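For reference, chains read A, B and C in written order, and residue numbers begin at 1 within each chain.
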Amino acid sequence: MIQPVDEDAPERPRLATRELSAFFGRSRVVSNVTLGFRDQEVTAIIGPSGCGKSTLLRCLNRMHETVPGASATGIVTLDGTDIYAAGVDPIAVRRHVGMVFQRPTPFPTMSIRDNVTAGLKILGRHAPRGADAEDVVEGALRHAALWDEVKDRLGESAIALSGGQQQRLCIARALAIRPQVILLDEPTASLDPLSTQKVEELVYQLKQDIAVVIVTHNMQQAARVSDRTAFLLMGDLVETAPTNTLFTAPRDPRTEAYITGRFG
Amino acid sequence: MSALRRRKAGNIVMLSLTYVASVLATLPLLFILFHLLQKGASTVSPDFFTHMPRPVGEAGGGMSNAIVGTLILIGIAGAIGLPVGIGAGLYLAEKRTGALAMTVRFLSDVLNGLPSIVLGIFAWQFLVRPFGNFSALAGGIALGAMMIPLVTRTTEEMIRLVPNSLREAALALGYPRWRTSLSVILRTALPGIVTGALVAIARIAGETAPLLFTAFGNQFWSTALREPIAALPLQIFAYAISPYDEWHAQAWAGALVLIVIVLVISLAARHVTRARFGSSTD
Amino acid sequence: MTGAATGDRLYQLAVTGFALVIPGLLALIAIAIGVAAWPAFSTAGLSFITSSEWNVQAGKFGAAPAIYGTLVSSFIALALATPLAVGVAIFLSEIAPKWLRQPVAFLVDLLAAIPSVVYGLWGIFFLVPMLRDHVVPFLRDTLHLGGTPLFSGPAYGPSMLAAGVILAIMALPYISAVTREVLLAVPRSQRDAALALGATKWEMIRDAVVPYARSGIIGGVILGLGRALGETMAVTMVIGNRPEISASLLAPGYTMASLIANEFTEATSDLHLSALMAVGAVLFVVTLIVNGIARWLVWRVASGPRA
């Protein structure tokens, strides 16, 4: 089971992988990745399309295994505990490690309010009710910088929102269950520039509290929002470094080739 | 040059023939609706819905017992056909290509193609014969069995239309699989499934053949599930083949009511789909 | 947290259970019919199918007239319905202006929504008299077909012809729905290829579209056949219900389904009942085979292009 937050180990990353490999059937799309993600830090994962960024990300909250035929080997620790160990419930993992996808995925049959509380409802009788629930909704929507735009129409259908608003709603929905890590898989890929900017600002806010992992194939975005960057190529982790260093003084020639635009 | 002319003439002739075919194909429907209105409308009065059938020779009377009987039969059929069909549809949509799923999908089509009278024989053999009497329950079960493949098919199709990303979003929020299936996927597909259910109900509402062996019909008022029960289609049949003009008039009126019920359900079905998806899907 | 695992297991169990109802139901249907039919089969043996003597008083049960009537009425139905249904489908998928497609498709689909007993009622009071008073004189006097065995003998009204016509109307929407579906599945590129060769629209349909969709269309026709074979009420009401084999289409006849429906209520002896169920068994097997073939053909088209 997941251990409570250990405040005495500031050095230890919140979430870390060791020798993580991921497969679809027999084909290996992520190879032996060892990487750590810390609180109050945004880690960007960059790399050309198809290099395994999404797959790596989905191994971090055990979403990878929901694809038929998919499997993973190696270790992923959350607060020091292996989330792939026997007896660990993937559902518990996902409630500690939230995720937002490339395309907004609001639940079309639910109102804006119900979308935010969707992750809480499954707690059954432990779910917040009445005023508590309203507090959660407001808190999450404020956190996702969406409150002012939707506070007067919380009962309306979520699909009436614009794409950018939908994406922030999905972030609010992920935040409402108070995860310790949030995984963002190209969260702005389907958004217009203005919405993109809002989401990027939001990423900056989020890292005040939790660890953020963002996949992007937009290097400018990685440079703008992240503290550390990891470069993935054909499933291999080529290099990981503070974002500034990686973009100004890459150690590996392949990284240099990529950031100077010689492939991808 | 003349070859081209001939080809062009052939083109026009053949294309025109498809127009003719379309007119011919829609004519019977228009005739039937016209005759139903012409012969049935004058007999359909409020009494028709609230009164019992009268004996031969007495004009008037209604089919209240048959209308209620049909509603009861639909209720029993729905109570069986809907849960089983939706459950099986969920299974097929989630398992897709498993050996059992392929088999069940094929057999569901086979079941759908069986003559309804065969389902009547089935219900008669197991639910009438051993007990020695016809019953509403046997009729409802026969109709419910007819509904199963119809509901299964549309449920599967509608669930497959739900984007996989919604399923992933729910799983990523920590939904267990079963809750993902029921409160996100099934919920999203619901309008389409309701449409399918209504189409299935419209289809069984007018079924007669399986009821001959099961519900049997009843000249009296009965709502007991273990007794024979009247049904609109059975009553229409009995009156239609009788030699009396009063009964023929009742048969036409009954047919008009039945067709209105069926058409209203069919139109409601289309409306549900349209309301949800913006335009009709077929 | 094991609650979720338990929930998942229960859910799996439930939906698998519901899915298993379908094979279970089919098995029960087969058993029911087999059990009910057994006495008649074991008494009559193969002659049950080959003998044309159906004499309740004498306890003689030969189902040949009903089998013959089923085949003939269904054949008439397909002969009439197929060209019409394919024509409608071509019209709807290739020719009709957009605004006309929905309404016409809707009207044709509605034919499938009309209950069988309503067709029967309409058949008794309109179709049968119309055939007797107008169509038969036209066939005999204007087309001079009276001399052929098919249209000889007295024409009282209820007849094999009436059954075939009403079945044609009832099978039409099924055939045209499937045909329309498979025509729509023909890729644009097939049409473009034909047009680029200088084909007229009709030549494109005849040489590119229809051949591509052929086995799907055949599947639709066979599906319509499955419907026609098992159709009960409407046929019972217009076919005349007489267990005889006659060359004339104007003579009354029987189909398997109408025989069961018509005699069930008056069957008093166990053997008579069992004979009716045995007719049901033959019908069951025939429709099973016919539907199996139809599904296979439609599935072959739906599951992508082939040589």
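Just so it is clear, a residue touches a chain if its C-beta (ideal position, glycine included) is under 8 Å from a C-beta of that chain, and two chains touch if they have at least 3 such contacts.
Quantities reported herein were computed from a predicted structural model and do not represent experimental measurements.
For the pairs B-C and A-B, the count of C-beta pairs in contact is higher at B-C. The chain occupying the central position, as judged from C-alpha centroids, is B.
The greatest centre-to-centre distance from subunit A, using averaged C-alpha positions, is reached by C. Remark: subunit A and subunit C have CA centroids separated by 57 Å (rounded to whole angstrom).
For the pair subunit B and subunit C, the distance between mean C-alpha positions equals 17 Å.
For the pair subunit A and subunit B, the distance between C-alpha centroids works out to 48 Å.
Touching two or more other chains at once are residues 91-92 of subunit A. Contacts with at least two other chains are made by residues 176, 179 of subunit B. Shared interface positions of subunit C, defined as residues touching 2 or more other chains, are 4-5. Taken in their complex, subunit B has these residues touching subunit C: 7-8, 10-11, 14-15, 17-22, 24-26, 28-32, 35-36, 39, 83-88, 90-92, 94, 100-101, 103-104, 106-111, 113-119, 121-122, 124-126, 129, 145, 148-149, 152, 176-179, 181-182, 202-203, 205-209, 212-213, 233, 236-237, 240-241, 248, 251-252, 255, 258-259, 262-263, 266, 280, 282.
Residues 165-166, 168-176, 179, 184, 187-188, 190 of subunit B touch subunit A in their complex.
For subunit C in complex with subunit B, the touching residues are 3-5, 7-8, 10-12, 14-23, 25-26, 28-29, 32-33, 35-36, 83-88, 90-92, 95-96, 102, 104-105, 107-108, 110-111, 113-122, 124-126, 169, 172, 176, 200-203, 205-206, 223, 226-227, 229-233, 237, 257, 260-261, 264-265, 277, 280, 283-284, 287-288, 290-292, 294-295. Residue ranges on subunit C touching subunit A, taken from their complex, read 1-2, 4-5.
If you check the complex, the residues on subunit A that touch subunit B are 61, 63, 66, 91-92, 94-95, 98-99, 101, 103, 105, 107-109, 118-119, 122, 170, 173-174, 177.
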